[in-house]
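Each structure below is given as structure tokens.
Shared chain: chain A. Partners: chain B in the first complex, chain C in the second.
This part shows the complex of A and B:
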């Protein structure tokens, strides 16, 4: 096929060039720094090859942060979908359109709040002595509960905030998707005496399969960037129980030792790992969808 | 002859004129741009911002302060100073002055600090903290040591006398601890950080005879550190919820809201305790020197001249003038009038009659007593934040229970410290 106009080139080249510069320059710079032994307090550095990467695998805190990141990723993605889907079905099934719209607006509000503000609000809500969110727990157990200081509950507490923001937003998205479905298949299922849950589990939600999978991917990418939430609420603590990879990299680069090369090598590794993981997942999902 | 005299007169006149011009030029020295300051929130600085016009009159430029809380300020100033260096003035503290000075991110202060502002008037302890390798790097905005701050009413009711030794204090804490009635025995800091949990732990460590290094060999991995850590962990049983991952705000907050019987904290707490705006315990608070053998954690925060943003001498002079003005007697007097106890640093102000009238003679006495036990507890080295923060994380793990082996943790820190020293050579 012959292109008769130069318009596609005119429109795409500048944007692609800008994107390429924005994406590649920092990436290449990060890789470059990761191969040196640069520290903030010391302007001289030399290339050390893969020494930083080798050191990472002997660093128990790094291995811990990888594990924490994986746990955080699974916990928040699953919890968000588990909250969003039933909530959406409930809204769709049990409310009149007006009430539903009003609730939808309400559910979007948490996601509009900047992450840092949300984190601060919830940190106060979780305060063992004055916090509103833990007050019922205090009444039941009879003594103050410090969720953020307990290694067993800290990640859960932070995940609640994440789900509060994204689970509610996703439920609105799913409600809107349900509203776009043609009513005939659902009616047909009902005529065949399908129970309400069966209508959704076997008819409505499978029809939305593609959209739901996209939402899962969006949430997976979003969960990787939970730095602000964790930084404000726990700083990776107590100890290192909520220290994700990005948190640890920042900590090494700017809080504790200023070892930016070491931090960069973590960033590079994280980039490679996520690219590989997402490519594999994406292919799997596509094959499954086509099947 | 006449011509020569006329020439001489003209030359003399020209010299005077030139000198005059030079003087005007130096009075407005270099302040061609507004000064950018990176700081952490302080009542004293907030008050200072009301007098921007005064500084403008003095220098011809204004100033802007960006605020970040302590930990973030440390991270941001380090990142900024080591890369772009956009701030003319950095807020520096005891923990990072060595790092900033050694890395040449800040400039020695006194070369650019106008003589009339009388630097020697600052509290000698704070001057000591501001000095690294015989050069002064910052002018103090706050500082001090530790005080035992206690609730007179609670001690009296329980018949407990003011503890003067650590053993007495532990007994008092156990006796006064009554969480069912909303009173906790003591408040400590658990949050990670060389200036957070480690800061409050160090008086025990140093008090029991511990030291960080013996020459270049780490020496903290012994009995004093183990005992200090054990004591600190034991005391945490009596500290209010929220302090295990909290710092200054959480533990002083609990005290000021009336939920804590006594605590050993940095001196500014005594000023807050008598301020009805933040304190519910006004009139019920007593002060004493920290129980022996605890040493007081000597510290100081202040303003330093950034090296990168102030490219030439004129710019450095301008930053120096700002620092001198911000920490001047006049401005300290304003802070005193405003009741900002924690923002006072000058001997002339702290020994004034007005100070005694405002804060009471017993606080003055306690401050004088505590000055005798105030010490530099931390390792004065550019690597201190690195080592201190590393220990802070291990200590937080011990406090919250994800780690239980004290000796093993210290061994780990020992290995880490050896690596730090080895890297340096």
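This part shows the complex of A and C:
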């Protein structure tokens, strides 16, 4: 059926052109704004070269937000996988197909909730005076526990919500993948007296290696979008202990001072860092999956 | 015996996780029907006299109504644009040998890498400069980037799953390339394509950061309105908050069935292919 037809051009060129404009105009403009000293309240501005970028590296609050973002990224990616993989194995081992299918539908629910809603549901559950989740803690310790206001636990409490959404979704994905595996290798391992955990650690999960690596990759990208959760639950607080890069860029560009150029220089750095990191990673992922 | 025990432990853990999903959500739902005095109790209350006041109050508020209308129009239009232009592009990439097929796929994926805040900050300036800041149109255009990228990414594999033989048979029967797309490929792949479209809807319905930064009053979407309510001062109207959060969460949950079966079919073929 390979004939000469206009279809590929008609179907791709206009849409790709529109996509490219939608993507590149803001990107290039971000760089343009970052080189000026524009403020939201005042449209007049001049070019200041790299002054914004130099200022960033002398800004302790910026450096703090870089560190918070790195901590958040590692914490949520690791925790998501640590929850998802064992949970998937448990589901696959210990439930009948019908129960498993029902649970799989249930476990998608947190990920479908708007992040604003998920954040609120848990902020309500963590409320020191009448939150349901901290009620047992209150009974044990005898006084109210405010996880979100304690600098030691605030990030952990927000990360719980992130893992609640992504860890459970990923466990469903992994269960579905386990179901597609051919049963013979697993049976062979069992006949060789492998323990249950060994069957998974050495046979089943390695067979899913490519898919698991993709999931880690997806989660790394999605963990960069923590803004909604943090905005609703802590607003970067207490102090600046949960202020990630996007939260800080938002407050600089929008709430506190309207320094849109300064915020934009942060955005440009984020854009460069993530694009470079993920382009390299993506190539790697492809290679690992094929190997 | 030991096996039975570990099975029991496994089920206990699963039950605990399931409870972590059901209990907080149910608690929010229940609290939406509570009077304030029944929420701010030192011991959580399971039995109370339900009231519809919170929901009525939320639905009667102008800000919520405006947010609801904005959300419906903005997500509706951007999903429509994503599907109208994304599906043909996905089909062309899936079916026709093109020099740039891989580059197109990578470009579409790389749109996902961009931190939303990095797009939103320059867009504030751009929309301000052209006088469209805080309008539905600005959000629709911005969201179309999201819906297009998502729809294309998910629809390419869906079109690849359509058996080639069917399209070839249609060609032999005298169908042209466009007729094959509209009359054969679209209807056959429709179920998976619906999943992709619904997914893009959930994505923009739930979107918060861009909406927060690109609107101040007229074009606010429901997540922004809801988040503003959650930031209310000291005397927090918890019942009203819970009610508004439930209202916000209903539309994505309506599609739970569609998305769950989409996930199923996408993962099944992925491993065989």
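Note that in this section the second predicted complex is superposed on the first by the 276 of 291 C-alpha atoms of A that agree within 3 Å, B and C clash if a C-alpha of one lies under 4 Å from a C-alpha of the other, contacts with A are read in each partner's own complex, and residues count from 1 in each chain.
Everything that follows uses one rule, which is that contacts are C-beta pairs under 8 Å (C-beta built on N, C-alpha and C of every residue); 3 or more make two chains touch, one makes a residue touch a chain.
Source: prediction; values computed, not measured.
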Touching partner for A:17 - first (chain B), second (chain C), both, neither: neither
Partner chain(s) touched by A:146 [first = chain B, second = chain C, both, neither]: first
Larger contact residue set on chain A - chain B or chain C: C
Which superposed partner A:239 touches (first chain B, second chain C, both, neither): first
Which of chain B and chain C A:254 touches, first, second, both or neither: both
Contacts of A:129 with chain B and chain C, given as first, second, both or neither: both
Which superposed partner A:41 touches (first chain B, second chain C, both, neither): first
First (chain B), second (chain C), both or neither touched by A:74: neither
Contact residues of chain A, present in both the chain B and the chain C interface: 40, 129, 254
In the complex, chain A residues that touch chain C: 1-3, 5, 7-8, 10-12, 14-16, 18-20, 22-23, 25-27, 29-30, 32-33, 38, 40, 43, 87, 90-91, 93-95, 103-110, 112-117, 120-125, 129-130, 132-133, 135, 164, 168, 172-173, 176-177, 180-181, 196, 211, 221, 224-225, 227-228, 231-232, 245-246, 249-250, 253-254, 260, 263-264, 267-268, 270-271, 274-275, 278-279, 282
Chain B residues touching chain A - in the complex, by the definition given at the top: 71, 74-75, 78-79, 82, 99, 102-103, 179, 190-192, 240-242, 244-245, 254, 259, 382, 385-386, 389-390, 393-394, 396-397, 399-403
For the chain C and chain A complex, residues of the former touching the latter: 6-7, 10-11, 13-14, 17-18, 20-25, 27-28, 31, 39-44, 85-86, 88-89, 91-93, 96-98, 104, 106-119, 121-126, 128, 141-142, 144-145, 148-149, 167-168, 171, 176-178, 181, 202, 205-206, 208-209, 212-213, 223, 226-227, 230, 238, 241-242, 245, 248-249, 252-253, 255-257, 259-260, 263-264, 267-268, 270-272
Chain B partner contacts - residues on chain A that touch it in the complex: 40-42, 127-129, 143-146, 148-151, 234-235, 237-241, 254-258
